[in-house]
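Below, subunit A partners subunit B and then partners subunit C, in two separate complexes.
Up next is the complex of A and B:
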């Protein structure tokens, strides 16, 4: 067993390019999927039959089929109906649509978690609609929203690796290129695993900081990090 | 665009066989995952600090890297490290259980910490032995708490199996690829695969919800 550091040093540009593409894809598709999530969550909460039906079937279809299958279907179906996309665009679209379904459920959960009495009490105090949303509802939602959003973001960053099967030049694809050239699977996969781990750790640490600062009002007392609102974290890969 | 599922029907038995392979990797993968999870939970509570660090690092590493990379690592890199080849099927089960274990650890940890400490004290005060405490007090309560999340974890494992198609495990997704190569009908092949997955995953997630209400009722 030997670990060839020289090889890793030589293929460094490949890895840097790969992680740049991974970060780029994650940034765009996660932001888009958050907005899809908000829209679908609101649709599902309308209590009108057609929007609810559309929202529920979107959520259930996406959440109950594997991401890889969705990627393949998009990759083969879209050209068949005349939509030609580059692999990268197709990948971003897939990830955004996939993430949207999960965000929709998380956001709906956060909205439903706020007791109706909060809104009624605020109304009774004479606050306007927007003041109620901004000062009463939204700050309390954050306690639910930040942990679930963080979890989902981390798992979507990991899911970008799956886009390598449709030749999106992200980190996993770059590792396969490097391994194909040099036949060094141990080195290649170790390096990218560490890079993904690092990226996810940085995102997780940043999110924890953000949560600490923006959920100050939800803490039991000023010094503790224990929150009054305890969100249930979904276990996603 | 026209759909033609007639060309796919002769291949339906192959899909059914693929579905059995999917279950054939996910069931042992998930069960061994529970074993890995138990070991890791014990490791995180071990009296020796390096053991605690090792198991926490393992959990963080598995949760911080894509499953696809872990599968590649097990299938392509482990043989290089240890000098023997692993058949695709066993590499798949190994990757799944190593991955699932890290998630099961969290489930077990959450389950254990949700039990009030008074349960241990009460068991001790009525004179139960360590074994009897676990057997009659802790485990029965733990079981109802972790069964719903464990079913959910199994759903997640099934949902992760398509990734094994990249290392040539002939489960549903790989079958769809074979059918696509034979019939030149990619859309129909993958739609059939999607239907197979949807039926499996939807019924599993419904079962999880049923179990949740059932466990809730037991606790109340």
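Up next is the complex of A and C:
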């Protein structure tokens, strides 16, 4: 088997354009889906019938259908009811809506993981609502949020590849163009596999660093503290 | 606002509270003078925790009036924070902030809620950490401390806001027995320094030693209240006698 490096060198601009679009779509969609996730998580937590119903319906609909099918529906079915979108727009919207459902559950889990006593203690000290969220609740949520949202982010970056089916000019689509013209699937798919891996490795490394810096209190070894136990005789109490 | 109310730390008048249809506080009348030390005891579910949580607005009440340090607490009170800054609270589960060191736990509220400069807040924090006898732990995280140490940090943390009174919600109930006395000693010191204190506790030895008044609550009502000698030596109500019989048996 021979590997045509010359072909890769010549096609390189195509791959660069592709990954630029992948990064562009990822940045916008993931940011938007995070905010959708926060909103839906808060709706889910209100315990009022209508917001909860909306939140749960959205989450169940998105989580229980394949992303590929959601993309096909956005591009081929929605125009039948009058909603027409360009490929790129459809791609960004689909990924944001898809990611939002998963972010919502991650965020809801992180919120529920913080004991109520934390908010009560902060309130009892006279801190305002926003100070409590910023200084007490949110920093503690990071311990739960960083691993789960990193996982989700890496997943969503990889899912941009699915958008190639509706001709969004991201990396996989560009590879398919090059493969179609040069009949070189080995070179094409190998290169983009490496590029996706490289991109996600950078994201994963950044997330690890962030986790290291924000979760110091979780690494502290409780066993290293000195504990002195004093036996108290019944007569002295 | 009468002269009498001005000298009272807390005044509760005919306060009633419901959780849904369940009435947890029934027409509570209570006056606490400045520098008075009150112990509230009673069986589980008697409403004693709810009572003190109404005083710093952690719980709302539906009927009656509560006045704290001359300010009437209404459910729509604006600026609940300013009331809470004057009333310190210590919880059964400590509720220290796990992502902050001991020192940072103590300086968070003064710097964020009052805008105290950090250097001053640090000084105050070290002063109170010395008072609770653990200044050497200031750089540690709560997970590195024993329960007794954590609770003492919680006490110091509340004191750093220089509150006018302190509320204690079963502060030793979650502690291993050998750590209870280190926390009670700190509370005794605090009482002797003149702090107004309302403590919900099962520690009757503490009540006898420190309380000006012991209050017995049952099923949402104040059944009996008296100075410790009278309360323990000559309880009036059968419910009080029954409770004391159970609590003092071991």
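Operating definition for what follows: the second predicted complex is superposed on the first by the 218 of 237 C-alpha atoms of A that agree within 3 Å, B and C clash if a C-alpha of one lies under 4 Å from a C-alpha of the other, contacts with A are read in each partner's own complex, and residues count from 1 in each chain.
In the analysis below, a residue touches a chain if its C-beta (ideal position, glycine included) is under 8 Å from a C-beta of that chain, and two chains touch if they have at least 3 such contacts.
All figures in this text were calculated on a predicted structure; none of them were measured in a lab.
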{"item": "Touching partner for A:165 - first (subunit B), second (subunit C), both, neither", "value": "first"}
{"item": "First (subunit B), second (subunit C), both or neither touched by A:217", "value": "second"}
{"item": "Touched partner set for A:131, first subunit B, second subunit C, both or neither", "value": "second"}
{"item": "Chain touching more of subunit A, residue-wise (subunit B, subunit C)", "value": "B"}
{"item": "First (subunit B), second (subunit C), both or neither touched by A:117", "value": "second"}
{"item": "First (subunit B), second (subunit C), both or neither touched by A:186", "value": "first"}
{"item": "First, second, both or neither for A:24, with subunit B first and subunit C second", "value": "neither"}
{"item": "Touching partner for A:201 - first (subunit B), second (subunit C), both, neither", "value": "first"}
{"item": "Touching both subunit B and subunit C, residues of subunit A", "value": "237"}
{"item": "Subunit C contact footprint on subunit A (complex, rising order)", "value": "115, 117-118, 120-128, 131, 135-136, 139-140, 143, 217, 220-222, 224-225, 227, 229-232, 237"}
{"item": "Of all residues in subunit C, those that touch subunit A in their complex", "value": "56, 58, 81-89, 91, 93, 95-100, 108-109, 112-113, 140-141, 143-146, 154, 157-158, 161, 177-178, 180-182, 205"}
{"item": "Complex interface listing, subunit A residues touching subunit B", "value": "1, 60-61, 63-66, 68-70, 72-73, 76-77, 80-82, 154, 158-162, 164-165, 172, 175, 179, 185-186, 189-190, 192-193, 196-197, 200-201, 204, 235-237"}
{"item": "Subunit B residues within the subunit A interface of the complex", "value": "1, 60-61, 63-70, 72-73, 76-77, 80-83, 99, 103, 106-107, 149, 152-153, 156, 159-163, 165-166, 173, 176, 180, 186-187, 190-191, 193-194, 197-198, 201-202, 205"}
